[in-house]
Amino acid sequence: MLRKSSRKPLALLAAATSLALVATACAESTREGGDGADSSEPFVFAAAGSISTLDPFLTSDGETYRYSRQVFETLLRHESGGSEIVGGLAEDWEQSEDGTEWTFHLRENVQFHDGDALNAEAVCANFDRWHNLTGGYQSSNNSYYWQSVFGGFAENEDEDIPDSRYVSCEAQDELTPVITITEYSSIFPGGFSLAAFGLMSPSTLEAIADQEITGEEGNYTLPEYSQVAGTVAGTGPFTVEEWDQDQDEVTLQRFEDYWGEPAGFETMLLRAIPDETARRQALEAGDIHGYDLVAPADVEPLEAAGFQVPTRDVFNVLYMAYQQEANEALADLEVRQALAHAVDRQRIVDTILPAGGEVATQFHPDTLDGWSPDVQTYDYDPDLAEEMLADAGQEDLTLEFCYPSDVTRPYMPAPRDIFDVISADLEAVGVTVEPVTYEWADYIPRTNSGECPLYLLGWTGDYNDAYNFIGTWFSGYNSEFGFRDEDLFEAMAEASGNPDDAERVAAYQELNNQIMDILPGLPISSSPPSIAFAENVNPPAVSPLTQENFSEASWK
Amino acid sequence: MLRFIVRRVLQLIPTLVGLSILLFVWLQRLPGGPEYALLPDDATDEQRASLRRSLGLDEPLTVQYLSFLRRIAQGDLGTSIASGRPVLEEFLTRFPATFELAVSAMVIAVAVGLPLGYLAARRRGTVLDFAAVGGSLVGICTPVFFLAFILKVVFAERLGLFPSAFRLSPGLDRTNLSGFAVLDGLRTGEWDVVADALAHLVLPGLALASIPLAVIVRMTRASVLEVLEEDYVRTADAKGLHRNTVRTRHVMRNAMLPVVTAIGLLTGSLFAGAVLTESVFAFPGIGSFIYSATQERDYPVLTGFILIIATVYVFINLLVDISYSLLDPRVRAQ
Amino acid sequence: MTTPPSSQNPAGTGTRGGAAPLLGRKAAKVDRLAELMGERGDDGHGAGVWREAFLRMRRSPMAISGAVIVTVFVLVALFSPLIAPYSPTAQTWGAEVFPNRNVFVGPRAENLLGLDNLGRDQFSRMVIGARQTLLVGVVATLVGFCVGALLGGSAGAAASLGGAWGRRFDNVVMRVIDMMLALPTLLLAVTVAALIGPSLTTVMIAVGVAQIPIFARLLRGAMISQGSRDYVLAAQALGVRKRRIALAHILPNSMGPVIVQSTLTLATAIIDAAALSYLGLGNPDPAFPEWGTMLADAQRFLSSAPSLAVYPALAIIVTALGFTLLGEAMREALDPKVRK
């Protein structure tokens, strides 16, 4: 009562202040004027975070890739709305028998934003630049994907960096670059589609040749070209006009000389709204025209209110990792199995994850070749779990359990709730759970270095190959899981190095069975993330890999 | 008068020096030192040692502190870990947004709070008084982030009267002269920019105004009540001066002194309150930046921003003291 | 009745002892509280003031409503395990709520306030949450009180009894306090919390640390104003040891304003704790019910299950209001100016 009486005069008086009145009146009028058929109206898309660099090579951050995919293109890419590798800037490609020579046939008449022509020399200039980077660029923070695909550099400055797998890039003719690597890995050809390897124009490369990354590990100052728009030019459907860092706004402009279908929007703006609810509210209030990472509960109400909320196909996995070195009880297979039986994964799928989610039986979704129907499953059975724990002599097990405090991910909406359910299940079978949270920026390094015995994490595939999932974790000793199993590691290497597709897929199935017997972690779910758009937008085809091409979108 | 000012300024020096020591200690010494914050946890001892050397952490503390002071004096507050840009630059690009927000919150608080407090005092014991005092107590007791959220749900999400996020509509075409959207708009005559910026300020401004508004209402009321009791007001009333004259010349003027003080100081503290409001409204100012800096453990940003805000706060205090002593000669005499 | 001090200016910003610069409203308000309440004792019936204040408060609706709210809150908090019908962490009805489809369960016979988003009994969570909230408030206040009292008390004792060195010591301590006062409290709490990582302890320490300068300044002011009282001079003349004068005479007589401030701080602590939880610096265990965390976590369900956020919000507002009313009423009752 009190509250009402005090707020009302407040609101009235505030409104009476001419300030507010003028503001409302004018704001209304600009909004009305803005809606409708005017195709020059900017399309505003809100992401959960701001971009970190204009040069996608320097990061492994998904929010930056959303921007960079519109501006830079890669040799290969995924089909629109799907996960098949198709030609990008290269119309066609072939690989040598042993998988070490990759020949690309570039599209004709492709122009960079600054007028340079795309040719084999331009492609090789990019690859050679990456290969010859020095200093701060060699930090795994600033060249993550190069190091995971091509190993090291021409001259490694740190002995921890692996030897380079990249040999050379030669221009066979005007439009035919040939890239040679030391040995085949199933990371190819998918690796050529990674957004980090978006090609920049030769003029750009010349202009930025002497720009260095300065500073120390963990406190790098990124080069100016990556922070101020104006230098970088790609071949994509949009050019980057401006990156206004104090508004967290990236302005993309339609590139009129694009080789393919020109973009539907004249201008596209990317903004950051970290809070999930705030993004939904901004869409409802008409401040933005689309956003990503929609909370499952918001899908129906948004659709009911006339918004479009397309759902992507499932292409991810959420798991609870067992770090066997962080708590020695977890080195006991029986304990790992007991914990797996303790968790009611179906309830998480039913009550927290978006419709269409499924309990995961292995470490990648069933949409990928190599998925095995024969893996050992661990059904929810708290009594059995309790028995197994007693059997293993772990009735009084205490485990630290980490989850991220400030984010949601495409594979993991509401981390807190998921944590809460699992933790209650574990406590129900007699395990004492000690919850630990870190902010996302901190969470990744800490879980990667093996500080947390139990933690939640997941993965959205970069390209269509099972090895992109299981190889990420189990191809060798990994401090994320903290175990050594030479049989498994050898089998992984053998499978990945096999250039024969059919044989490789069969090997993957065998590997999945093997992994689920070892049970290095508990796969929880694979679920389809949604993305939301305003009513008057023709949305782009949504991509299971979350690699939407916004040039396909337009005003209705 | 001059002596008074000089004395006050001199008194600032130890406070500022102390503040810098406090922050220095904080930046350099706390949990394990910056090499732990800056390096990944699996970094080797050599890496830590080399970082310590390159940051000058192996020098004696006094040397470190002096070079820290020297860097501050040169305007070098370090580099943000998250963005890799200088902290001062980050502050300056975000300052105009928060300044405009703080000013609009203050305008709302003063425009509503002063008259309401005055009326409550004049009509002591009435429903109005009760509502004003009760309302301001409830205002103080309501978590700001919740109030902000409710304002957003009602006025942005449901009624669609005001924008729910940002400082300017995305894609708004404007000439950026100084970063101050409203001022720039007024100078260049871009009225749509002015209107757009003001519309974006209303809801966060109201939310941020809640605490200062409550404080101003209560202070004005208390202060007016106190003055009404003073002999000179009774004398003025008794000698038959016109009521309005008594009100303006005697009551309001004297009662305003503490309120003016409060307004000055509340403005300083708004910068801190903005942390909550800005993060609810995705308002790109200092507050939301501090929020993300806490999320990312961006120590240089936290230290630098706090140093700047505390210094600004101390100087606002000084200005308030000086203006106060100009208004009230008794303060000088003490 | 006590006569108001003649040196009082209408602004109420008078400073004592010359050592304190006018460091703003916070400082001025603190000093004033210390000073006003230090005035008692002049008329020779020190203990009577408390009784008088109590009698006055019994007639004040503000004090009564404050006291009722606080009493109910404290009783609920103390006896919460007896009141709560279920475990606040057991997801007994977990299969009945579907937050991903906006299916929630409202009040019903077995669950008075319905279920939360994971199928726990909301009423039990609110009741047990009262206990955690009280704990946060009390511990935070104690942190501020103890450290602040130590700083302020030693400074005050030194200033009123210690001669030239005492004044110098007082000066140094007060500079430190003024510095802390220059940092806005929430900002101070956020940085402390960011520094030591999120946990319930963090919240208590962070909120408490932010209160230290206020308590320190308050106790020092009150002690200095007591230091010039006749009974202190008399004790000194009789040769009573300084430490004894400070601990046995000055300190107990200076506690009034500190008690008032403690009551007000409990309210601030509860609100600030909620803010820290909202910023993600609170307790990492979401199962553990605490109003601030519950509110911050439930805001996302505001459109489909508003009660999940509204209950803890109301609880926080009402409780903070209770402590504020009680504190303000005590302040008024003890304030000789208002007493007139």
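In order of appearance the chains are A, B and C, and numbering begins at 1 in each one.
By our rule, a residue touches a chain if its C-beta (ideal position, glycine included) is under 8 Å from a C-beta of that chain, and two chains touch if they have at least 3 such contacts.
Only a predicted model underlies this, so the values are computations on that prediction, with no experimental measurement involved.
*Asks:* Could you find the chain whose CA centre sits the greatest distance from that of chain B?
*Replies:* Between chain B and every other chain, the largest centroid distance is to A.
*Asks:* Of the chain pairs A-B and A-C, which one is connected by the greater count of C-beta contacts?
*Replies:* Result: the pair with more contacts is A-B.
*Asks:* How far is the middle of chain B from the middle of chain C, if each middle is the mean of its Cα atoms, in Å?
*Replies:* Computed value for the inter-centroid distance: 23 Å.
*Asks:* What whole-Å value do you get for the distance between chain A and chain B if each is reduced to the mean of its CA atoms?
*Replies:* Whole-Å distance between the two chain centres: 38.
*Asks:* Report the inter-chain centroid distance for chain A and chain C in whole angstrom, where each centroid is the mean of the CA atoms.
*Replies:* 46
*Asks:* Residues touching two or more other chains, restricted to chain C: which are they?
*Replies:* Touching at least two other chains: 280, 299, 302-303, 317.
*Asks:* Any chance you could list the residues of chain B touching two or more other chains?
*Replies:* In chain B, the residues touching two or more other chains are 138, 142, 153, 157, 279, 295, 297.
*Asks:* At least two other chains touched by the same residue of chain A: list those residues.
*Replies:* Expected reply: 3, 406, 439.
*Asks:* For chain A, which residues are in contact with chain B within the complex?
*Replies:* Checking each residue of chain A against chain B gives 2-3, 5-7, 9-11, 13-14, 17, 19-20, 22-27, 30, 41-42, 44, 52, 215-222, 227, 245-249, 251, 267, 269, 271-275, 278, 281-282, 284-288, 406, 439-442, 445-446, 449, 451, 479.
*Asks:* Given the complex with chain A, which residues does chain C contribute to the contact?
*Replies:* Residues 89-91, 94-95, 97-102, 117-118, 198, 280, 284-287, 297, 299-304, 317.
*Asks:* Which of the residues in chain A end up touching chain C in this complex?
*Replies:* Going through chain A, the ones touching chain C are 3, 276-277, 295-297, 300-301, 347, 350-355, 405-406, 413-414, 416-417, 419-421, 423-424, 427, 435-437, 439.
*Asks:* Quick check on the complex: what are the chain B residues that touch chain A?
*Replies:* 37-43, 47, 51, 54-55, 79, 81-85, 93-94, 97, 104, 107-108, 111-112, 116, 131-132, 134-136, 138-139, 142, 152-153, 156-157, 160-171, 179, 191-192, 194-196, 198-199, 201-202, 206, 213, 279-282, 284, 292, 295-297, 300
*Asks:* Sort out for me which residues of chain C touch chain B in the complex.
*Replies:* Against chain B, chain C makes touches at 9-15, 18, 21-26, 28, 175-176, 178-179, 182-187, 190-191, 193-196, 267, 271, 274-275, 278-281, 292, 295-296, 299, 302-303, 309, 313, 316-318, 320-321, 324-325, 328, 337, 340.
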